[in-house]
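Below you will find the structure I want to go over with you.
Chains: A, B and C, in written order; residue numbering restarts at 1 for each.
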Amino acid sequence: MKLQLKGVTKRFGTFTANDRIDLTVQPGEIHALLGENGAGKSTLMNTIYGLYSPEEGEILLDDKLVTFNGPGDAVEAGIGMVHQHFMLIPVFSVTESVMLGYEPTRKAGIIDFAEARRRVQEISARFGFDVDPDAMIEDLPVGAQQRVEIIKALSRDAKVLILDEPTAVLTPQETDELITIMRQLRESGTSIVFITHKLREVRAIADKITVIRRGKIVGQALPESTETELASLMVGREVNLTTQKEPAEPGDIGFSVKDLTVLSGAGKVVLDNVNLDIARGEILCVAGVDGNGQTELAEAIVGLRSAVAGTITLDGTNLRRMNVKERLNSGIGFVPEDRSTDGVIPGFTVTENFVLDQYDQQPYSNGVAMKPSVMREAAVQQISRFDVRLGTVDDPISTLSGGNQQKVVLAREMSRDIRFFLASQPTRGLDVGSIEFVHRTIIEERDKGTPCLIVSTELDEVSNLADRIAVMYRGVVVGVVPGDTDRDVLGLMMAGVPVEEAYAQAKDHHTILGEADEEAQT
Amino acid sequence: MRSFTPKALFSLAAVGVLALSACGEAPEEEPEEDDAAAEENGEAQADDNSDFTACLVSDAGGWDDQSFNESAFTGLQNAIEDFGIESATAESSSDSDFGPNVDAMVQQGCDLTFGVGFLLEDAIDEAAQENPDLSFGIIDSTLPSEPDNGKPLVFNTSEAAYLAGYVAASMSETDTVATFGGIQIPSVTVFMDGFADGVDRFNEDNDADVSLLGWDKEAQDGSFSGDFDDQSAGRALTEQFLAQDADIIMPVAGPVGLGAAGAIEDDGDAKLIWVDTDGYESTDYGDIILTSVLKQIAQAVYDTVEEGAAGEFTAEPYVGDLENEGVGLAPFHDFEDEVPDEVKDKIEELTAEIISGETVVESENAPQ
Amino acid sequence: MSTEKKNNDDAPAAPGGALKEAESRLHYAVRELSQSSWVITLLSVVVALVVGALLILATNPQVQATTGYFFAQPGDFFLTSFEVIRDAYSALFRGAVYDWQAATPDRAIRPITETLVNAVPLILAGLGIAIGFRSGMLNIGGQGQIILGATCAAFIGYAFNLPVGAHLLLALVGGALGGAIWGGIAGVLKAKTGANEVIVTIMLNNIALYLLAWLLRQQWFVQTGSNQPIAAPVEDSARLFGLLGTGFRLHAGILLAIAATVFVWWLLERSTLGFEFRAIGENPDAARTAGINVPKATALVLIIGGGLCGLGGAAHLLGTEYRLGAGIAGTLGFDAITVALLGRSKPLGTFLAGVLFGGLRAGGVLMQAQTGTPIDIVLVLQSVIVLLIAAPPLVRAIFFLPNPDGTAKSPRRRRLKDQQAAEAAQEPAPTQEVTK
């Protein structure tokens, strides 16, 4: 089916999220929509899916004008969407999930369960999905859950399939399977709109690439374009994708974690005997699919979670019995994973956020009364050093963009006298420019001789920063490998495959993306 | 929001008001003088005492409390009608309003100001001392400094409650009667003391064993609903008493008694004794009210205003008792035929005994 | 694009989910309230006066009489209405600010002093509540804390015999301590067990009320030798001294209220403790991450807030009432919540709101005495003011003010709004998430 947008405009108040978008997706085409966070990709797709109604412009399917008053209309017209966050109910079976909302019924409104089950089997056989129609959603790995979402769309005869950041939660191997599925769908004539901000994937999969920036289409590109070209188009200026860094000069061990075991509130083991050593002047990245204990590791180190066993040693001092404040004061710089929840206080001014974990220390206070002028001066000074774009430091931090908020957090943590730097997802949700800056800052910190521990689920970030990589799977460190380890190996380790085996398997089975990488290098 | 502008709202309301009532005719004759004169027009037959102002300050119960505030208010209204005096009233919404309200009355030029309830005794006492040329009254309490211009209006309700206790004991088929109060304060427990003594007197005279639930006079301890508002608490207490076989119940708790009445009506067999006013007339539960213990606050206020308007105000405490009929037992109304004549005779006998001083109803809660 | 925090297994279908949600919505509402603009507050007062005027008209017998023949002589209706409202509101003003009809100059300026007298406990308790609001805690327990404060102050005031200065000081400190303990119970329970402070403080109100009722029946406590449930008057040495001599009730409590206002401002805006309070109020997660001891700060908020409420009760008793009765707190505890809301939980705002409510109360007395307008109108005025502040869109619609989402507003607001829109644009429609 051919999908065509003409001059589609969507505004929120005075903010124009989509500005006169023209887009054509041919039948049997994988069309990538590339753009930074907040560029307007998701808004555009939600408009196509009928969740938003555009202020201006037309949507045409096979040259016929359509208007949608809700997702129901869009589904009816043959549009399917797989959201970034799956819309599945954990305690439903695959069949139940697929038929939810569009239950095939026999006479008298009785649900035709057998028919639904048959359809699931049929679709999954046609595309080689390998999904058990009777499995419970909560028992399925993320990749399989995504396939259920795709089956759900296909079972409603979707001719245009929208995939919103489908690889964000997948390991490289799972991504690989997704790519295979997408190609099969294309063969069968389904048009696919594929939303992403990851350049490698776009080049490997897409037939056509449309780049969107600040709500506007800024250009079309072919998969043959280089990543740098695409990135420049996406950001609107020249960018360096890989941060230049000198090889690490690791000193002696500055920070180490021994036999660290942490239980969840429900008593489940979320960190199982974790051992890590980080040398001064070295960045250790913790890679892994989201939810495998990395968050808990960071929280346990900084004291937000208590460990049931093990030691956390910084410069020879065991921190395990200390509270958060004592740990921060003994020299941990911490950038939390969820900036808006844990990192900043939105209603506080930039200055107040800048002193958030030092408000009761010299020189900002005498322990009882604070010294606003000293605080302000320090904030102004440090914040200019970190290139934060703001009106004044007296504005609430919520008036700043995400990238600038993160820079304030970095400025706060790095302007202290720290002896260990810990950051969790330091660039999540940031624009390319800010990512560049954050990475450079972290490397500078390393070069000052600080041991750095970076938790990240983005392999791009991991490869960019890491001197060594620890891969976590279900609360266990699967292995620690050098920073330049092949992504296919990392991907296998992220799925729990032990180091040696991962190397062996990766040699035999290259992923599509991996091959693309190799081609690009040669 | 736009479709619901205030203008629209206002015109809607205006139309409603007009449609309902606006088609009347203008009065033939416009009053020539101010409003005060207009009011007096219709009361030409009343004595003209418009240079005398009587005023009333309520406690937090307000004028519609179906209890002593309301009674005092009624007394004042009657006095206005009959004597043609001026008046002002103020309701207190909390205890801290007492002082300012009494002060406002003084500033209004009230010649005689009543405070209703013991809670106002400080405010009235103070105002009386500061304004020796004005007169004051306090209902249900005395004034600590006993000023020459302050009149306590108190009621020895234990005497009337004594009669009620005797009637209740003699009419009980289960040999169990009950009482409860709103809050444990003297003006409440004085009823309960009298009631208890009345029950005892019946037992003594007739060698009977009628038991009383809800009050132990010796220990000064019993059942209280906790306030003068919560009818459901009155209902719950009453249901407890009914479950313990009580068949005549006297709540001393103002409107809370209505909850008791509801429970008794549902029960079907039990009876109620009302207090303060004649419940047969003031409530909807006439058919279950055996009798009422009357506390003639309205009359006392009326009499005091009359004295004041005539320039005969004295600080002599007014103590309502059986003798001056400031307290008393209401008629039996629907139960007139059911109450045996010997009980009626006995009540008259007891009344005479109390008046003569032969029988003394003792209560540590009675006005001193 | 935030990903769910991956500690789902920590809270498997939390049983208190619905309650938690209701709680957070309450907090949100309070925060909204505290961020409404001054213009809205002022306009709300104006609208409330108009609504009050309509109610006065509706209940006034003279006006009712003229509506009966509205079509015959409409002039009557309007003239009478005008006079009734003029009389009522001028009485309100004369009772609250300056009485130009008074007999003596002293009486003429007395109303404003009465306003301040009424304002003292409202300001002190309002500040206590405001500290809670700023720290994300809905302290509904002002009533109980005031009762405890008044009770302790009163007992110290009449049961002890001490030199002049020390007696007053001890009574005030005792009052503050009583409130602090009462608030502290809720604070410690919330800090240690996560108990919902709204529920705990409401229950503590009832406990305080019945505790006082019980105490007032104990002879060792009331020390009066009478059965009336009212305690002995406090000694002169423990009374807050008058500031203006006889004929005025204005007492040193107003100085206390001013001092407390300055103190609370300093506490919230300048002290490290206040920084912690505000931090846990705005975002407890970030506060915890920054090393703030959230349970300790939580307990301290309610202890200090309770202490201020207790001080309010003490000042009320030692300054105006002198005798402790069951109704000592009246509706102060609940009015204090309204005052804190109206004052947008800011110290100066709370002070001004306390004076406004004190004035309404003082003026209401004269309005009732002179024009027979029911005192309840004052309650309606107070309630309508708060109601309208809670519904800014309504006020904007009434006065045709632009919506802050619209164009005609300060640049900062627009920037804020744009960012919110941008976030909305990023975020897909509300999504359910699946845990694995």
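We adopt the following convention: contacts are C-beta pairs under 8 Å (C-beta built on N, C-alpha and C of every residue); 3 or more make two chains touch, one makes a residue touch a chain.
Note that the structure is a prediction, hence the values are computed from the model and not measured.
Q: What is the chain whose Cα centroid lies farthest from the Cα centroid of chain C?
A: A
Q: Closest chain to the overall C-alpha centroid, by per-chain C-alpha centroid: which is it?
A: When every chain is reduced to its C-alpha mean, the one closest to the whole-protein mean is C.
Q: With centres defined as the mean C-alpha position, give me the chain A-chain C separation in Å.
A: The answer is 46 Å.
Q: If you average the CA atoms of chain B and of chain C, how far apart do the two points sit, in angstrom?
A: Those two chain centres are 35 Å apart.
Q: Suppose each chain is reduced to the average of its Cα coordinates; what separation in Å results between chain A and chain B?
A: 75
Q: Counting only residues that touch at least two other chains, what does the list for chain A look like?
A: Not one residue of chain A touches more than one other chain, so the list is empty.
Q: Under the definition above, what is the set of chain A residues touching chain C in their complex?
A: By the definition above, chain A touches chain C via 10, 12-15, 17, 37-38, 40, 42-43, 46, 51, 83-90, 137-138, 140-142, 145, 164-165, 168, 264-266, 268, 270, 290-291, 295-296, 302, 304, 323-329, 334, 336-338, 340-348, 352, 356-357, 359-360, 365, 367-370, 372, 391, 395-396, 398-399, 401, 428-429.
Q: Using the touch definition from the top, list the residues of chain B that touch chain C in their complex.
A: 1-2, 4-6, 13, 17-18, 21-27, 35, 60, 88-97, 99-101, 104-105, 107-108, 118-119, 122, 141, 183-186, 189, 226, 364-365
Q: Spell out the residues on chain C that touch chain B in their complex, using ranges where they run on.
A: 54, 62, 67-73, 76, 95, 102-103, 107, 114, 118, 210, 213, 217, 226-230, 233, 249, 316, 320-323, 325-328, 330-332, 361-362, 365-366, 368-370, 372, 374-376, 379, 393-394, 397-398
Q: Can you check the complex and tell me which residues of chain C touch chain A?
A: Residue positions touching the partner: 1-7, 9-12, 266, 270-273, 275-276, 278-279, 282-283, 285-293, 405-407, 412, 414-419, 421-429, 431-436.
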